[in-house]
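Each of the next two complexes has subunit A plus one other chain: subunit B in the first, subunit C in the second.
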Partner chain A sequence: MSLERPDTTDDAAIERTPDELEALLGDLVVARDDHLNAPGFVIRPDTVQETLRTLKQQAGYDHLSVVSAQEYENRYESIYHLKKYDDPTQEVSVVVPADKDHPVSESAEPVFRTADWHEREAYDLIGVEYEGHPDLRRILLPETWQGHPLSMDYDKDRPQIATLPEHANPLEDHHKDEESDTMFLNIGPHHPATHGVLHLKTVLDGEQVVDVEPDIGYLHRSEEQMAQSGTYRHQIMPYPDRWDYISAGLLNEWAYARAAEDLADIEVPEYAQVIRTMGAEMCRIAAHMLALATFALDINGDFTATFMYAINDRERVQNLLEDLTGQRLMFNYFRLGGVVWDLPEDREAFFSDTRDFLDHLPESVEEYHNLITSNEIFQMRTIDTGILPPEVAKNYGATGPVARGSGVDYDLRRDDPYGYYDELDWDVVTEDGCDNFSRLLVRMREVEESAKIIEQCVDLLEDWPEDERNIQANVPRTLRPDDDAEIYRAVEGAKGELGIYIRSDGTDKPARFKIRSPCFSNLQTLPEMANGEYIPDVIAALGSLDVVLGEVDR
Partner chain B sequence: MSSDQPFITDESQVVTETRDARMTGQGDRFNSRLREAFGSSPFILTKFDKFLNWCRGSSMFMLQFGIACCSIEMMHTYAVKHDLDRFGSGVPRASPRQADVMIVPGTIVSKFAPRMKRVYDQMPEPKFVVGMGSCTISGGPFQEGYNVIKGAEEVIPIDIHVPGCPPRPEALVYGVVKLQERVANGEAAPVTVKPYELEEFSDLERDELVDKLTDQIDDDELVMRYNFADSP
Partner chain C sequence: MGTAPAQLFPEFIVDTLGLDSVIGEVAASLVAAFVVGNIILAFTGVAGPWAKRKITAAFTDRIAVDRIGPYGLLIIPAAAVQLLAKELIIPEGVDRPSWDIAPILLPASALLGFSVIPMGRIGPINLHLADPEVGFALVFAFASIASVSLVMAGYASNNKYSLLGGLRAVAQNLAYEIPLIVTAMSAVIFAGTLQMSGIVGAQTETLATIGGVAIPSWYAFVNPFAFVLFLTANMAEIGRNPFDIPEAPTEIVGGYQTEYSSAYFVLFYLGEFVHIFLGGAILAVTFLGGASGPGPESIGFIWFVVKIWGFFLFTQWARAAIPRVRIDQLIEIGWKGMLVLSFANLVLTAVIVGVIA
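Up next, the complex of A and B:
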């Protein structure tokens, strides 16, 4: 795949050359540090807000994908990866070096709301301090943790202490004053409606939510450290399966594969791209089925019909994926440069099984519409609750079905094409309701679009000439990308933009591996949707966000 | 078995018999193949413990407890197709106070271990634990992680380990059935040493780390201290 961006001039987003951008920023730019995916401008640590505001307001870079921080021998560095919602192929990186002894840098939170959590994470794991940040504390590790684990002098063997403060009496301590009757309520980290180990610190006034604060990090299992200690060629690929573990394995593997292939300049054979596209969309169906199942569980209650129906359909698609990859959940099927093996023998049986599944799918979707979306109680709980206006969604860096449910037409499969998507006939689904119901509808309609994609892939694969079935490019046994090459690449995962930032240092392992998790940004929007609503709406909003904690915490 | 006819397939006959039994009183309605196996004597002689263990093993209440990737396979085990309920280990309970068995499905990290210990403590005795997946055995693929507890057994005792990453639902079913067998046979879990305990901050041995944190943590706050250097 080429690294050059197509020259599209949308009237909403005028594309500027790197030199024009440099001229726009003027004196703010200290030096250039271009990345493989985007021009990079080095700025002084006290001009972060000014630079980002100029880029956002005058050049239209309205999407802060991720903030990735790292430590060098002589400095700390934070990188702000900016994009445009209208055209994500237009990217720019803002590089902010900070002093080695006192790593202080200006916070970007007043310009991009999403920088709040991203900077807290950078502070937690790397140790960069952000001046002007509203609430700079640890986000993933316990507050009493010693040291910053991804900094250079961290000692992994030192003892640590974690606290369990939740036994305090919440009723007494959280009264605002004599008159008020607000009450502090913990939801989670062990709770059936939090979809894993999420902890919501909720303050209630009567039955209404005054404030809800997600407390994450209960599944922070050092994924970035794991990737940084693995070799590019084989040792990293098993881990992406475990980020978003709702069966979205192939989508995650693609995120790593895309970044590493572009970094090492590997061309993937077309046949492998078709197989990848087909497998990835099967994963998307499985992931959306579980989102639907658990959402219905949250709204309708106990282990009821919809859950069992959706799990039944998931079993079907998991069987197909098992035939293809050999595993039910953790596929480890992609390799850099292709996939590990061809379609299973006998091919005809696999194709007919897949077609059976696709034939059955419209009937199932109809059934779900009968069971839930046309259910009056369900509609009362979801329509016009958990409102997320499009501007707010953009400010928080929301992507995927959450953004598309708010009418933000952003899908990397179409806007920043990879794989075989641009050759196929399918549509990006958006809904304008901005509420819980819209987000669910987007997922259900996306399942149908995925089915269309799979069907076209099966047609292509069936007719593929036997002697052109090339499943893997020639990739050197040991990959050593150029020293100090940096790249940020994203794919459309089941939950949104799943991006990987890699910096190589000339060895066979990445020097910095940063995961941009869509759920991390999406979960940040929860207080916007929940504050002022009733407590059941918090549960509905959380369910409609469809976060998976493995990906939030990494 | 004394019955010659194992199953009555003629439905009309069943309906008639049931109706007749209702009209005439007790009749055969409470009869069963098990009852017939006892023959004419209505009594059985067994040890009370043995009977109670049989009851325990035949009806287990699981805790609805999801942590990580394994919980997805655990949900599949509960749901259609695999249907763990067939073996008498029913639909999961959301409250630890109603549960007998805890399946630990995933990686335990520093922030979660005290919470897991708390949930375990809230379950009534007798309680049993199934460790699901490699992470609960040793930390699994994340063993090298700076934040990962090297196995759930560092925190709570575990009766059955189910290996896999993640284990297939069939494997989990096998693990749970094995646990039921053990419970029914009255086999106790091995006593394990748990290096990480939940204790009050003031009870910790004073050292450099504790001194450093005195300002941040109250004396009576519950804490868990990890010695990563001594972990396996």
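Up next, the complex of A and C:
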């Protein structure tokens, strides 16, 4: 299949049965290893590109959600979780076993650009080497790190010692080029506009950016490993709050809840689903308000009034979340099978507070439009800067407002329904500008859509019969999903597709817990947007990506 | 303009104390300069730690300093002690002494500008230090020394962000100082003199009387177009939003002042505030009738203070509300927009004045 065909063909949208896919792949498939969410095809490690290209070009699987890797007793394994942007319920897993002694497998980077970072992470943490990868370096851990922390023979008691010369100045090499007139500039890890500890290795030609390379990992906290050492039932749920900690906690919790509930076959009561939906959308408003606030900070400069106004509005919704969950940031409100407690007493006060907030919201949004989006200078700064064409966005696995700002109509709440979303009346927001302005606009309009959802949830909850308020399903005290059951499930987080891959080994703890962070994939698009633009545009593009480093680095 | 020029402040001291020698005149000049300099420094003292915070807080729905003293006013001495008590960090590889001169040069040059500004009367005292015939040219010359200081700081800091800030400062000042001065020339054409007292004096005549209220012939009323142009260029000249790109903390981390701490940092901040007030003073003299206003002439200084603080408030308002332009857009606005408009304004003014006069 070396014939170059357009990425999407007419027959790409057709849904194929697993057997048809197997027939399409033909000899490439060595065996079947189906996951709970998708058929899985085992292939040889030297046919990765061919397989993925076939699936992408002939079957329309144009979205590489995540690459997860793990080590077994007898082999290494990389899994490419593929989906379609047009219909994310059509999934397929490509399972690539690699030799235990020499874990080498072909890189998927030439087919999906997004595989670049995902494979680097798999190399860094598990130790699989990807042949043909353009730049196989560690991504989360320091260059000098010894061993691969999620591999089986990793000795975590052994201290990591890096000699002084190795650490002398890790940023020093090839900074000065005698020939050219460019200047190397470290933006971050401590910079007012990097929204956390992000380091951008930037090469400047005057004020223009020749090259920018995000360097991440400063906030890596082994979240996956921590989740792997916790029990499904209670010990994992507090962690998701700490991924995207910009008050998107409930959205993150839902990602874990959805994956684990589908893995253990737990039905969530409808009442709890409505509460979840309402809480999650409140979190989305809070997260988007902060995105708006910090974006104004980046464009207007510090001391802009817009920042404080948006923080004020975020505070209002934060108060509601506090009433609902008892917490302001690390909610820990979801439980497998439902939520931890019912709405606060007295319910009427909570409903009227929520309605007050919703009534006030259109006025606020109007004010932001007056303050920023209708400002000529603001438009001058953001329109047609940080361009991300839809095809590039898809190639990088961009999701959430970043993809929707490029006109990619992809929202898991509608396309892969969960919770109570498919019962409610709301719209997916897209903008076709592909620029910084569009991404901001998408967030601002999504706030209004979220408000619609919350309002309908409040209506539903108000009229819910008192004896049917079931907040949790009956869930066994200890969950032990079937041995070797594998699942990848995603929800629409504040920043995009937040997915969890879990493999169980029959115990009460996951054998592999992989987080697909939307920010991780979105951040990877930064060089595409920034190269050739001015420094202020890089800052604007970064702000419009709205990355949270806690989620990028996990 | 038939009246004789008012007695200048140093002459007033000489006359009052009867110091009729060269030494006496020098001493009187120094005392007068000391008084005027301290008035301006007092303004910046109030503006920096207190008024700026209060104004920003008002724009952003906050309260700001209110813990120490009435209305939080005692934050001023507290902030002074705090800032000066901090360690002065001198980074490796800075280019001394230019690294040390830069923070002194900025406030010094801006303060120098006030030597020719007629600040109006307070009682019998006319707060005006010198009134040379080229005073108007002199004040712009003093004001533009500031960019030398910014370049020095940016270059000497041995920091890439500082360097970028310094380069931006040069580009910005080149692009905006020409329109600024060309626009100001239109006021000179109206007044027919470069002498500060002459320019102010020419604006005291009544332009029109509407409903019994006499509108003075301030050049802001005579030529509002030039006023807006001048105001915009002035914002760029003093580096405030939307033209604060030599600092641009969210892009280049404070630009030329990135490496400065403690007393040097204070000097830079001081210099910037004095510069804002100087910008306000030039604006007031050129377009807002200097110290003129309702009431007797002996309270003119109060009107002058109101005008320069009004301009300060305007800069803070802009900072809270207006996005920052990008460097290339700034240059484009400067060279392609402002320069053309300012020359058009100059030619138009010359024609009008030539035809009428």
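Definition applied: the second predicted complex is superposed on the first by the 523 of 554 C-alpha atoms of A that agree within 3 Å, B and C clash if a C-alpha of one lies under 4 Å from a C-alpha of the other, contacts with A are read in each partner's own complex, and residues count from 1 in each chain.
By our rule, a contact is a pair of C-beta atoms (placed from the backbone, for glycine too) under 8 Å apart; a residue touches a chain by one contact, two chains touch by 3 or more.
These numbers come from a predicted model, not from an experiment.
A.B. asks: Look at A:Gly407 in the shared chain and tell me whether it touches subunit B only, subunit C only, both, or neither; answer first, second, both or neither.
C.D. replies: Touch partners of A:Gly407: none, neither subunit B nor subunit C.
A.B. asks: Which partner, subunit B or subunit C, touches the larger number of subunit A residues?
C.D. replies: Partner touching more subunit A residues in the overlay: B.
A.B. asks: Looking at the overlay, does A:Phe307 come into contact with subunit B only (first), subunit C only (second), both, or neither?
C.D. replies: both
A.B. asks: For A:Pro417, using the defined touch cut-off, is the partner it touches subunit B, subunit C, both, or neither? Pick first, second, both or neither.
C.D. replies: Touch status of A:Pro417: no partner.
A.B. asks: Please work out whether A:Pro527 is in contact with subunit B alone, subunit C alone, both, or neither, and reply first, second, both or neither.
C.D. replies: neither
A.B. asks: Should A:Pro192 be classified as contacting the first partner (subunit B), the second (subunit C), both, or neither?
C.D. replies: both
A.B. asks: Considering only touches as defined above, state whether A:Pro536 meets subunit B (first), subunit C (second), both or neither.
C.D. replies: After superposition on chain A, A:Pro536 lies in contact with subunit C alone.
A.B. asks: Is A:Ile299 contacted by the first partner subunit B, the second partner subunit C, both or neither?
C.D. replies: Only subunit C; A:Ile299 stays clear of subunit B.
A.B. asks: Now for A:Pro390: first (subunit B), second (subunit C), both, or neither, which partner does it touch?
C.D. replies: A:Pro390 sits against neither subunit B nor subunit C.
A.B. asks: Could you tell me if A:Gln160 is touching subunit B, subunit C, both of them or neither one (first, second, both, neither)?
C.D. replies: first
A.B. asks: Taking the contacts subunit A makes with subunit B in one complex and with subunit C in the other, which residues are shared?
C.D. replies: Shared contact residues on subunit A (touching subunit B in one complex, subunit C in the other): 191-192, 302-303, 307-308, 312.
A.B. asks: Taking the complex as given, what residues does subunit C use to touch subunit A?
C.D. replies: Contacts found on subunit C: 56, 59-62, 160-161, 164, 168, 241-242, 244, 248-253, 319-329.
A.B. asks: Provide the residue numbers of subunit B that touch subunit A in the complex, in ascending order.
C.D. replies: Residues in contact with subunit A: 64-69, 71-73, 75-76, 78-81, 91-92, 94, 96, 106-107, 109-116, 118-119, 141-142, 144-148, 165-166, 168, 198, 201, 204, 207, 209-210, 212-213, 216-217, 221-229.
A.B. asks: Give every residue of subunit A touching subunit C within the complex, in rising order.
C.D. replies: It comes out as residues 183, 185, 191-193, 207, 296-305, 307-309, 312, 371-372, 375, 377-378, 380-381, 534-537, 539.
A.B. asks: Flag every residue of subunit A that touches subunit B in the complex, lowest number first.
C.D. replies: The contact residues of subunit A facing subunit B are 140-146, 149, 154, 156-167, 189-192, 195-197, 217-223, 225-226, 229, 238-239, 242, 245-247, 290, 302-303, 307-308, 311-312, 314-315, 328-330, 549-550.
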